[in-house]
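In the two complexes that follow, chain A is the common piece, with chain B as its partner first and chain C second.
Here is the complex of A and B:
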């Protein structure tokens, strides 16, 4: 029988959360945040009691389940140069993604699918269900500035907002709707007061940013272009170790290097792609020994330039979602927020401006 | 909770743009020390027939066991059934390529990049400036224009390289010089041997040839390709002689892994050399830091 409902959202009582997760795991392999030491990582779960609901940020963003950090693109034989691949996407559900990471995935969607679409990414993406969950910021978060504090405008399937005793479940796609229908006995309909609580939770998250240092991203593209020769780049880059941690933990970084690895007999060759970093010197090295980004300052600045000037040109969105990973994980304690504030200079900051989320999600 | 990107996911799976086509080396010509011109034909007849490109575009060439390299096409799309690449032995992968023999099979994908704006160059003068190996992509443009000569006005070719020994396409350029419908001016860094003297119009740099060009700058499109250091000087000299910066096109080189805007290595400012370039108007130097 056709099962159909027209609710725009549902309510999941918190007491049903574990049954919900158990239900998800029965449908597809389930990926969720789990504790690793005193940090959290996204990992496939066998036992749902391993899942941690309240976390601030994972070490790596969930992109590793969409674009593995090391992947074999093709295998070819050196006899006849026939290229083949045994790649096969599997169904998967990623649960517990914060709003910033959902926006990060949407940015990757644009990068991989807008022009010259990558069939492999599309296949993975079609088979992946994204379930988001609301969160509260810590000192590294600045998603309110980047316009990614809430999941509006991103690509996802379900989003759970904590409204006290329940989760307010927004439905973002037919795939998300199907999950609700499949597990419908766990949900109840929304009522007037649920909506009120939902609106209050939005206010609560905004208020949590009140005493935090936020960068003013108004016309950030132009700022970075005009301040291209600023001494701030040199000063900040002096502390940089060129270790590439910032780009490796970034939810929107996509640069990779590709190498051909022959086997011992030289009969078959694997074309391996692996994540690289614009912070490594070899990133811009061409045959003949010329480095197009020879200095640490040039590479350090390139990351900011690409995030705030490059992405807006390439995909019409900022390339930063304010997750705070690059600042939190940097061994030299370089903070993106601090650099942006220094670059703008304190005197021209308009009070109150920074803490406003624009509807477009970006301000140039 | 409206989602603006839904449509990106509601597409059928596209053809894999990373999968190359097999091509056989039909001819290899040694042009100069460490410089070889390779001629290829696609093994698949359908691909060989439909494959088309624009002068200034490049291909990603798989050198078996070594890897993929971006190489500019040096033949003209007006000549069908084959294509040519001129490669200098300069790194690990090109070294392996130089060991290949006619009959060996490679894999190719492309063409990629924007190419020279040949459409808007029509009904204008064209000034072509090549330095060193920069002659390779411009050879494609030269033959494209000469094969459709009536669509273009005056044509100049300026070509400079180290010495006669390093001149590429020697016989071909010698015959070009005898033609009436293209004016060729050649310079060499050093004129020492009798061959150097016979070849060179002047001893010196390309910038010294530019004032000798008798063209109305506003009616002229300029195409430049050369070593990275040369662009600044050539650009300055062209502007000094009155060529508009929006009509000067330079072909740039960067590191590339994919050719289709996915690997990130070739970024010049906010643009990708592979999809937004490799041909850029000189005007872009204002927008793109570190372009030249």
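Here is the complex of A and C:
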């Protein structure tokens, strides 16, 4: 039975980390960041020694374990139109999620559960334990601007903050509390000194952004609305390959499409849903061959518009968590930060020269 | 019973072999459909009429053309399979660079050919094509899906989205960012991006995605060290007719 007295926080000595992970794996299937080539990906782990603790960002966000990129919604019979689904959510623990991705999941929660809740998402979410870990930013990160540099709210269960020799473990939910109780011999109580170290680690992360280019997101919704006709969109979109990488790697994008796949007999039909992207022309294609977003500029702008105007309107949060994936993975090296800075006109270039410098800057 | 025909024109027969490799699907199909014509796989063939006729290969001789026109007359649905049938194939990559006489001279010298030969062209240059399944070879899953859909009167759905979609969702590290020439961003997906997963840049064998941004991809190739001419040649290998006369510097936006 659950002791309903959530502790505020505990301390996990670093020497106990691997026992902690081993303990988690015994409780339910464990998903964690593992190395693949030069990059890191979230993957189910069989051997905890595969887990990478220090990483900057994974190629895909942990979203893929909540909403698979390709899923069969149901199958139906063409004889009597009866529906069936063998979907069953399983218990899973996702370990090693950075703060931005936890915020990303919180946005998905709002999208999927606020109005017309998706019962399948709810079931998966109930059976998933989210354990975060602190991180340091690289040049693509701008979570300090989006207000997602530190875990917030209560959509996660545990959060480990590196405070030197130990991890400061914040407890976010009864599920997290339960895990601590289950593995209590690995933790010790917090002391004043730990709290000081915890504060210091917060300051350290903030300071790490000091020399980085950060976008000013103050009143960003209005900015995007007012700059709807700005030439910046055309200039940036010119380089856009419409490859959809930015949305596919985004922790908050959720658009999908679905098709019906019949079997040879035509007796049963599978309704298959798969992720799609607003950057693809066919996304806005409707009957009669009309494209609602006919140009690359329209599609390019649409992503920013949705992130910074659409999401706040829908769920009262920005749709961007500053994880930097869209910029880091873009084959054309289009940077979200750069675009936002240019839109605001704070790139400190003479207006006429801005375009030239962008194209010249690319060949360097 | 539904009558299916599978025939080949100028090509390597790789796509027909790939169809033969769909053992599970063929096992399920036999008994429901009749493979009336499939010379690569069976001895007894009947070229009378078809519900669905799959045609592999490009049209490059008068024999190809006659057979294709004949096939079209006898088929309710005609499906082009493979890049040769859809776009002309690798054999058509230099169609816009030399005349037919120059090509014949280079390959056959002064030998007189006893058939009429022309520059390799896609099926759609000669007859109406109902569906196109590009790829070198075509993708087995797409073939099975197309057959299942057509047998049940459902339109098969192939959004022309880029290979990057499947590549990124399989968490493959971007090859272009590593400096490896890759045609993923301008190529039609559906293959599952096996090449990039094994570290080989996409060769664009499935042709163009919707509104490919050739200007940007060419500038990326040059940034990673390819000459302009090599960049264009690289793009032309599989695209056949769909890229001949590529105009660089013009916007590829079509608007709608």
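Note that in this section the second predicted complex is superposed on the first by the 339 of 364 C-alpha atoms of A that agree within 3 Å, B and C clash if a C-alpha of one lies under 4 Å from a C-alpha of the other, contacts with A are read in each partner's own complex, and residues count from 1 in each chain.
Everything below uses one rule, namely that contacts are C-beta pairs under 8 Å (C-beta built on N, C-alpha and C of every residue); 3 or more make two chains touch, one makes a residue touch a chain.
Not measured: the values here are computed from a predicted model.
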Residue contacts with chain A in the superposition, chain B compared against chain C: B
Contacts of A:151 with chain B and chain C, given as first, second, both or neither: first
Chain B versus chain C as contact partner of A:39, first or second or both or neither: second
Which of chain B and chain C A:331 touches, first, second, both or neither: second
Which of chain B and chain C A:296 touches, first, second, both or neither: second
Chain B versus chain C as contact partner of A:59, first or second or both or neither: second
Which superposed partner A:306 touches (first chain B, second chain C, both, neither): first
Partner chain in contact with A:281 - chain B first, chain C second, else both or neither: second
Touching partner for A:238 - first (chain B), second (chain C), both, neither: second
Contacts of A:259 with chain B and chain C, given as first, second, both or neither: both
Where chain A meets both chain C and chain B, residue numbers: 257, 259-260, 262, 266, 276, 290
List of chain B residues in touch with chain A within their complex: 1-6, 8-9, 11, 13-20, 22, 62, 64-69, 90-94, 105-107, 228, 253-255, 257-258, 260-265, 267, 269-272, 275, 289-290
Residues of chain A touching chain B in the complex: 73-74, 76, 78, 80-83, 106, 109-120, 122-123, 125-126, 151-156, 159, 170, 172-173, 225, 228, 254-260, 262, 266, 269, 271, 273, 276, 278, 283-288, 290, 292-293, 298, 302, 305-306, 309-310, 312-314
Chain C partner contacts - residues on chain A that touch it in the complex: 36-39, 41, 58-60, 69-70, 238-245, 248-249, 257, 259-266, 275-277, 280-282, 289-291, 294-296, 329, 331-333, 362-363
Complex interface listing, chain C residues touching chain A: 25, 28-29, 32, 145, 147-149, 151-152, 154, 157, 159-162, 164-165, 168-169, 171-174, 176-177, 182, 184-186, 209-211, 213, 215-217, 219-220, 223, 253-256
